[in-house]
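Letters A, B, C and D mark the chains in the order given here, with residues in each chain numbered from 1 onward.
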Amino acid sequence: MPINSARTLEVELRVRDYECDMGHVVNNAVYLNYLEHGRHELLGSMGIQFGELAKRGIFLVVTRIEADFKASLTSGETFIVRTELQRKGRLRLQFLQQIQRSPDGQVMLSALVTGTALNAHGRPEIPAELEGVLGL
Amino acid sequence: MPINSARTLEVELRVRDYECDMGHVVNNAVYLNYLEHGRHELLGSMGIQFGELAKRGIFLVVTRIEADFKASLTSGETFIVRTELQRKGRLRLQFLQQIQRSPDGQVMLSALVTGTALNAHGRPEIPAELEGVLGL
Amino acid sequence: MPINSARTLEVELRVRDYECDMGHVVNNAVYLNYLEHGRHELLGSMGIQFGELAKRGIFLVVTRIEADFKASLTSGETFIVRTELQRKGRLRLQFLQQIQRSPDGQVMLSALVTGTALNAHGRPEIPAELEGVLGL
Amino acid sequence: MPINSARTLEVELRVRDYECDMGHVVNNAVYLNYLEHGRHELLGSMGIQFGELAKRGIFLVVTRIEADFKASLTSGETFIVRTELQRKGRLRLQFLQQIQRSPDGQVMLSALVTGTALNAHGRPEIPAELEGVLGL
């Protein structure tokens, strides 16, 4: 299996009504929930569990988000969260993410999310076990 | 009163425990909730109600968010959401936003949020009544 | 098809990390999100769209919730939301709901949710079109 | 100060637009957020921090919620969450809670929330330090 395929994941989700606001569209903060879920599912597929790491004093955190909201998802729609992970220097992880409505494939949002890991002292540090699976 | 002061608002909030995730810090999507609340309070202070507009087919939407997460708010902390509104061309509103922990004033997040208004046909259009209060 | 089967629906969902709180379990309010999604999916399968009704001034509202939290869902777990709809008198709908962890089937939560419809004047009223599909 | 006053707390909050759903009212699950915040603020005023306990393997959990939704809060409204704590037998805490709109005082929701503490083995156990502050 090419390394590349291990670093990309697509998750299909469906809008839930409580995620829609008074404008009858998915509220902007909820897209960040979707994006986080996509990133955690990708990391999980690589053997990295956010919750397990947190219990051991390793915190994966977001340091920057750039997101372009191109169109609005509404009640009942189904969509794909596509996440691609890239290493960025020694300490940063970069996630290219896109939300596409299915089945027409329209891009609703594209985002670039940068993160790192913090050790128990709150300092950026990619722990050895992450280095392994990140394999870079 | 200088026009400028009418376009800046500070709102003080307190972290609620349900907003914190397994890492014992405010989840990244929740900051977007805080930012939206700051923007809507600022717009409200100018006589612009998001919900009222939505009922009449005018939808204020976010088109782009850039946010730098500098430090993490945790359970029980109090913070200020500072929002400054600028007109950006004919169709865009730009919000400079910052979240500062009180009382030490540490900047936890800074963001640039761009938005517009959509008419009932889904096309960007700043309605006349907004033009008035935006006063630009 | 027996009428009964048209009024019961099971939806399978998966816990998302942002739904977990500092206790590393799904926060109690999030179960209400799951339950609402289960109810709306059931109503949707009967041709009743919460959002569409709201646009026309018919509001489906919850009037009472009784929920027993028996065990806690945690990060990454998959579960079934089972919803059964019963008519209760002229004006009330009653939803028997249960959340079961899959694949072991453990009951995590059971709930009885009562609701009604409000007309544009805020008065309880099951509109004719609902009477039809409720078929009671 | 009478013991009783130490066990009751009122918190004033304001509806945030993202808490409102397509029906232009606060979504039913959000009331549980408000109620949790009221309980945690009351516990905090007694020296009990949910997050701190969780870090030490003591988990405060909700076991049952009964809530009557009497009227709906909408965008921009301010309200009081009133919480009264009672001991219920050896292992249970009971919270009588009410949400009242200010300034007219209309009761929007009343609830009875039962909880307990779980030790690191997941068994109900009120730890010694809680016994002290609960003072019963």
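Methods note: a residue touches a chain if its C-beta (ideal position, glycine included) is under 8 Å from a C-beta of that chain, and two chains touch if they have at least 3 such contacts.
From a predicted model like this one, the values you see are computed outputs, not experimental measurements.
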Q.
As a test of understanding: of all chains, whose mean C-alpha position lies farthest from that of chain A?
A. D
Q) How many angstrom lie between the CA centroids of chain B and chain D, rounded to a whole number? A) 28
Q | Where chain B and chain C are represented by their mean Cα positions, the distance between them in whole Å | A | 32
Q) By residue number and range, which residues of chain C touch two or more other chains? A) 17-18, 20, 22, 24, 27, 29, 33, 36, 50-51, 54, 75
**Q.** Category of the chain touch graph - line, ring, star, complete, other
**A.** complete
Q | Residue ranges of chain A touching chain C (in the complex, touch as defined) | A | 16-18, 20, 24, 33, 36-37, 40, 44, 49-51, 54-55, 74-76
Q.
For a test of understanding, state which residues of chain C touch chain D in their complex under the given definition.
A. 22-25, 27-30, 32-33, 36, 50-51, 54, 59-69, 72
Q. Contact residues on chain A for chain D in the complex?
A. 17-18, 20-22, 24, 27, 29, 75
